[in-house]
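So the structure is just underneath, and the comments pick up after that.
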Amino acid sequence: MPALTLLAGSSNGPLAAAIAEAVGTPLGACLTQQFPDGERHVELLESVRDHDVFMIQPTSPPVAEHLLELLFLADACRRAGAGRLTAVIPYYGYARQDRRAAGRESIGARVIADVIAACAIGRVVVTDLHTPASEAFFSVPVEHVSAVKLLARALGNVPDDAVVVAPDFGAVRLAEQYSHLLDRPMASVHKMRLGPESVEVRQLVGDVRGRTPIIVDDMVSTGHTVAASVRALLGAGCAPDITVVVSHGLFVGEIERVLGGLPISRIVTTDTVAQRSDLLLPITVASVAPLLAEVIKHLHRSESLSDVLAHR
Amino acid sequence: MPALTLLAGSSNGPLAAAIAEAVGTPLGACLTQQFPDGERHVELLESVRDHDVFMIQPTSPPVAEHLLELLFLADACRRAGAGRLTAVIPYYGYARQDRRAAGRESIGARVIADVIAACAIGRVVVTDLHTPASEAFFSVPVEHVSAVKLLARALGNVPDDAVVVAPDFGAVRLAEQYSHLLDRPMASVHKMRLGPESVEVRQLVGDVRGRTPIIVDDMVSTGHTVAASVRALLGAGCAPDITVVVSHGLFVGEIERVLGGLPISRIVTTDTVAQRSDLLLPITVASVAPLLAEVIKHLHRSESLSDVLAHR
Amino acid sequence: MPALTLLAGSSNGPLAAAIAEAVGTPLGACLTQQFPDGERHVELLESVRDHDVFMIQPTSPPVAEHLLELLFLADACRRAGAGRLTAVIPYYGYARQDRRAAGRESIGARVIADVIAACAIGRVVVTDLHTPASEAFFSVPVEHVSAVKLLARALGNVPDDAVVVAPDFGAVRLAEQYSHLLDRPMASVHKMRLGPESVEVRQLVGDVRGRTPIIVDDMVSTGHTVAASVRALLGAGCAPDITVVVSHGLFVGEIERVLGGLPISRIVTTDTVAQRSDLLLPITVASVAPLLAEVIKHLHRSESLSDVLAHR
Amino acid sequence: MPALTLLAGSSNGPLAAAIAEAVGTPLGACLTQQFPDGERHVELLESVRDHDVFMIQPTSPPVAEHLLELLFLADACRRAGAGRLTAVIPYYGYARQDRRAAGRESIGARVIADVIAACAIGRVVVTDLHTPASEAFFSVPVEHVSAVKLLARALGNVPDDAVVVAPDFGAVRLAEQYSHLLDRPMASVHKMRLGPESVEVRQLVGDVRGRTPIIVDDMVSTGHTVAASVRALLGAGCAPDITVVVSHGLFVGEIERVLGGLPISRIVTTDTVAQRSDLLLPITVASVAPLLAEVIKHLHRSESLSDVLAHR
Amino acid sequence: MPALTLLAGSSNGPLAAAIAEAVGTPLGACLTQQFPDGERHVELLESVRDHDVFMIQPTSPPVAEHLLELLFLADACRRAGAGRLTAVIPYYGYARQDRRAAGRESIGARVIADVIAACAIGRVVVTDLHTPASEAFFSVPVEHVSAVKLLARALGNVPDDAVVVAPDFGAVRLAEQYSHLLDRPMASVHKMRLGPESVEVRQLVGDVRGRTPIIVDDMVSTGHTVAASVRALLGAGCAPDITVVVSHGLFVGEIERVLGGLPISRIVTTDTVAQRSDLLLPITVASVAPLLAEVIKHLHRSESLSDVLAHR
Amino acid sequence: MPALTLLAGSSNGPLAAAIAEAVGTPLGACLTQQFPDGERHVELLESVRDHDVFMIQPTSPPVAEHLLELLFLADACRRAGAGRLTAVIPYYGYARQDRRAAGRESIGARVIADVIAACAIGRVVVTDLHTPASEAFFSVPVEHVSAVKLLARALGNVPDDAVVVAPDFGAVRLAEQYSHLLDRPMASVHKMRLGPESVEVRQLVGDVRGRTPIIVDDMVSTGHTVAASVRALLGAGCAPDITVVVSHGLFVGEIERVLGGLPISRIVTTDTVAQRSDLLLPITVASVAPLLAEVIKHLHRSESLSDVLAHR
């Protein structure tokens, strides 16, 4: 069995440290400098020759910087004679750019997959991709780890009158999963535009009157989608006690203002993105570190992931 | 401008002929033989040197046979010095295998994309892919042509009390499109499993009581999903006058028996798959040939597709 | 040494079972379903992570179906983290399409090699390729296993007056091998066309008068080539007691009728193609399973194949 | 001749505008949005189908952002059916990471070349690469345009007692060029480390006493190398009237402080990097826009570049 | 239509000149120097930007030198912005290494194909490959031009009692072609080894007694195979007036001594390999230049090759 | 740990033998024949299945022959099922063709890198590349081993008045290294051309009067550059006792005449190129075999090279 090396880029130090601790292997020594002109320089300070290397680097914002750092790590490993390279990317930036919606666009998620492949990364571990089909943007194996059970457990007891709500059609599949795990019915919110000039409205599909909503999504960014859903739910007479569950909590822009005055009692998320501690929001974080550590240990030992993924 | 050559594989002769007529260019002479052991032999009977070649071949069942014939056509063209090769695949077989659902599966839609790419096909035209994100399984450009407007027009006048119904979560996005185009509300049906041992049931999300359902999906195969949705809709009190609209009508297995006794008044579909004329079902076919012919003409003349795709 | 996994596609169950028994390893659990529309779904039911996987799948008719199933097996293995993938393809479909004979044809054998390579198969084992040079259609290593010695042994005692006959120029090299192994002279039959409009005739090169012919070829399909050779041999006064030896016995079409009335006393072949038991022909089958099992065992143990291939 | 489209990323708007004006073709309409989480979205607002597209985007700081934007532009073009894609990258970020100096490093300039190649860019135009050999990091054609003659002309009359000075060994080749063009002798400064623990000193090779130095380099970033050379030159008795000539003027960090008190009378550079107008340094900018416009016009018209490159 | 450029490497100047004359286009100016250490340097002296370039370079001995020169030509063209690159390789060195015969060998003909492909050569023109199937070692299109009709015509009137003879099994297919074109019967010579320790003997298959042999092969190198066949034919009582016809006349080693005392009245070959004028052998050379010139003109004009290849 | 196999091509037998002895593993049995037409045939006489194979083959003149032999060795290994292939190329032919200097040239060093990569060589070991950046012409890992320390030690005691001299700008970096290791100042010689028609002259930069020059370069070929530098140094009044130190000693052409009458007391080099014993020049050879043997042993054992490369 080749030696195991864990390396961390700079995008989520606490998560990398927690994974390393759970794996029981210290993070490999590796120096990333940034020069005054912003260029980065990556140097590995210990041998990785023929090692089984896992590079932990969510490509959270600033995505381009974190991505390039990951590519440089991979290049340094490859040129230093590393064995298999696995990129552990718990949050996959640009995952939402998964198809051409409006015409002459780029498909960012495929571009990212291509440049990762161009740097000899032989395996990728991701968590709750925005679109499951984008696993197949890669020709290398992708281990798609779900944090849904973890988050469902973190919710604790759920009221009998709860209803799982998908805030847009992209979250409907996820809502099906939570609806099944929590044994509660589901509803969904859909954006409709009334004529080419008129404003966008939300159509609510399903029965939420008097029920306690649990809004589920793969990620929250500025909070606008959640806020619009909350308003649609309130308009339909839901109970004013709303829970939000998302795998990836970006919390960017003016999210405190956006979600501020709404009856959201809890936002449950994970640490795939490094979390700020200063946000004035009722955030609960369930760490994916133990789960990802199990995945890494099993992959390193050439063991099946079925049990890990089924029970977590 | 290089010369234009249209070639047709054997999977949908009528469609290819209709496209050729609409383009105004006869199909290129090309001989496909099948030997007694089932092997096919492809030979082009006219020069394609430096031509702009479009190969029309939906990969409908038997998918593997039609796919291999397409690859052989492409190889024959390439070795005969053809210019750009475009595969026009109105129905893309294996499109539903777009991710790993249960564990150690293959992702058929990516395998197909890979073997197509391995045969120097430089561009692909498809119609209503099961999963839009699978466009990005290709690194070559994919023109994703939608038949939704065509089908919406083919529906004619829609009752005021109609409701657009997605028969499973994969059709929710499509239902949003039809809901918008037809200006009618939507509902959706979701499969739920009650405990690991118990049977699967259908949860209906949205209000259908007394309404006239229009079930929309990208394809119908054996009809079982449609039949289950119809039963769920009837159970919820919908009007017993149901329309089904699908881009791709495979109609395999015992579909006449499956859909036979149900109050389905109309099934509207296209000719991306060669249609049998003997089915005892109320099928209306709207041809995609004019649309695909426009796409081919514009591509050949290096013209923008925006207008074609916006107005059709 | 990584764990060994043998997988079998559906094209030749008895051969796969015999190989597995000879290797001493049960076939890996793997589920191939076929849906009503003919699409196949492959799922591995046990872990192959970092295993040394051998997939046994002759691409006998229906070639396209068996080929695609092989590609799906490979894709499932790759995405499940398998180690080295070896495709054991005892009968290689489309092997005869090895060059462009008439002009704008495809080269089927290269297309197949390309799509196999596109699916990350790292090594291929074949038996008696129609054209030995087509080994080099692959960039991955090809172990080309010959069944000629096995078949020569299966012939038992050969009459002193026997003559080895190549039924067309493509079999001349093979006839040289049998001529040497059996220590008997050789002859060959050649197709000639008398003018562009006239019929094809057979020219017999070599002396067969009064001799007992052993017609050798890599494969028999419909039997027409064999039948024409038999007629040419009889016309030249050979003994009316003819043996046919072929590595691959496809026996398709109306072969019973084609070979029926001819003085063929024996057809010796192998089980690279699954044999039907109901044919009214004097067929003797020598199994390649022990030979292929030795090859697999040696490859898995990183051992030289020289001895295996020299003595079998 | 296919239509010409010029596209500009956001890294150097004034240069792109000047090139477009000199070419006589307006910049193609193209929308780059940046979302609150920092992700960019690229959309082309006009057709590029089969066009000859030149994308103008120096990868100046922030390099990763500008690089990814370039890749997205290329992907959008490719998927929109563009013809040949040429990336015009007057300043090539990470050009200095051209080899492994210290051991387990990445080679940034090759990583960038690889990701550019992974996005189907078929030709690259660069200006004064840090290391000329890095042209060959690309397999696609690279037009390496030199701004040296342009800068030499911008210097105007050079004193008879001038001496061309390379501030480190990497600039010696450039100094040879300027020495030849200006017909003045050359000198060079070399970093030496006196023992493993001691400080770095500068060794001056060549005669500068009483002469007027012209320090030449491919780029200036923080100014520290220039400042150290100036001190070494002054220590060797040069005239206190120093000119600095660099192709790429990054001017980052505290460059005003670093170069502030030194007797530098002129800094001559180009606009390959967008120049700030607020720097308190005696900067003269010679635009490369006319030169790059000529290059683009010749490339588009399939004309030889020899004359353009020889006379500019 | 892009401009046409013909370039010649140094392996067969007279052929290149004759082709250029027949095409009606002078050879492009191109300088190949060889330094004292044997390294070559290739420089194109005129623009090839977007030209349709044909590089004429048979890879005759010294094969490695001529091959590398071809690769350098191709690289110079590619980096200079050439359009399509076609390598015209009338004699393809290492063509006989087309499979692994003895075990752990390389397959030279595939290695050559791979390195040609690695240098962006997009099309190859060859003449009478040793093994037709090796066309498919390339993924790029190969135009396989036959000199057989040309040579058959060069034979003039053939005696009524002539017999076409294949000197080994590899030439049997060629003998079939000549037998058909000349309307004469055929025979073949086969090497046999009598036991592992004993010498190799020649078995003659077919009737040659009193007949005038025409030995046909794709190439002659040292003449040993021809000489052995002549002896076998004489031993079987053929007429002592033998003609030899080969596409490629290498005439290396002591061929004058090897063939010297034998009753060979004529050796008919082509100029695919530059011919020495000093050989004391009855050599007649039929030039392939007009044929290859037609091929080049048709390829350049995007015209079908069918007529050219059928009538020449 | 996989088995280790060392293979040697024919370019430098003594070096390969010395490396094998230092590694403690005999060279693998391998037969390279050369046929009368100059084609080579490579056959491995022992199994390399899954072995860790190192092929020792400097690509010294004749470069093309030695390169092709290396590619054939690699192909034979790959097809025979070898594990990782490492090419040990102590002298890398065509290393000086590392960029386009004059326009439409090829970049030989990249072409060589490409063809090496095309033959599945997974790692390369080189010694003192002419341009360090050309390491990155490869995408596979390159271990760049320096012989500078070895050569500096071989110089023994160096006079106090010594001066390290770079004979052209390409050697300046090397001169910096020797200047530091030997603790002596440096100077450099630069070629200047006085006007387009006039002759080339040498400009000497730095102070050499009365000093003892040590001319350092990566290689010496015909000796002309060294001779010109010597003349420039003598003209500047250096001591007439000159040492030349080069990593690679090609010594081709009339080098004895070129360097003959000059006051060169010692030429120190290595055995990366097989040395002739008959040269009338004061050559001292320091073998790189122990160093390369250590590198091979460490690579085979998956050990870090830092210590090896730091102390040698």
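To keep things simple, chains are lettered A, B, C, D, E and F as they appear, and every chain counts its residues starting from 1.
In the analysis below, a residue touches a chain if its C-beta (ideal position, glycine included) is under 8 Å from a C-beta of that chain, and two chains touch if they have at least 3 such contacts.
Predicted model only: the values in this text are computed from it and were never measured.
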item: Topological distance between subunit C and subunit D, in contact steps; value: 2
item: Subunit E reached from subunit C - shortest hop count over touching chains; value: 1
item: Chain whose average C-alpha position is farthest from subunit E's own; value: A
item: Farthest chain relative to subunit D (centres taken as mean CA coordinates); value: C
item: Subunit B and subunit C, separation of their C-alpha mean positions in angstrom; value: 38
item: Separation of subunit A from subunit B, taking each centre as the mean of its C-alpha atoms, in whole Å; value: 32
item: Geometric centre distance via CA averages, subunit F-subunit C, whole Å; value: 50
item: Distance from the mean Cα position of subunit F to that of subunit B, given in whole angstrom; value: 61
item: Multi-chain contact residues (two or more partners), subunit C; value: 47, 79-80, 100, 103, 107, 110, 114, 139, 306
item: Every chain pair meeting the contact rule; value: A-B, A-C, A-D, A-F, B-C, B-D, B-E, C-E, C-F, D-E, D-F, E-F
item: Residues of subunit E defined as touching subunit F within the complex; value: 35-39, 41-45, 47-48, 61-65, 67-68, 71-76, 79-80, 93-94, 96-97, 100, 102-108, 110-111, 114-115, 117-119, 221-222, 250, 252-253
item: Contacting residues of subunit D [partner subunit E, same complex]; value: 123, 139, 141-143, 299, 302-306
item: Subunit E to subunit C touching residues, read off their complex; value: 98-100, 103, 107, 109-110, 114, 131-137, 139, 144, 169, 172-173, 176, 179-180, 185-188, 190-193, 203, 205-206, 306
item: Residues of subunit B that touch subunit E when the two form their complex; value: 2-3, 46-47, 49-51, 78-81, 120
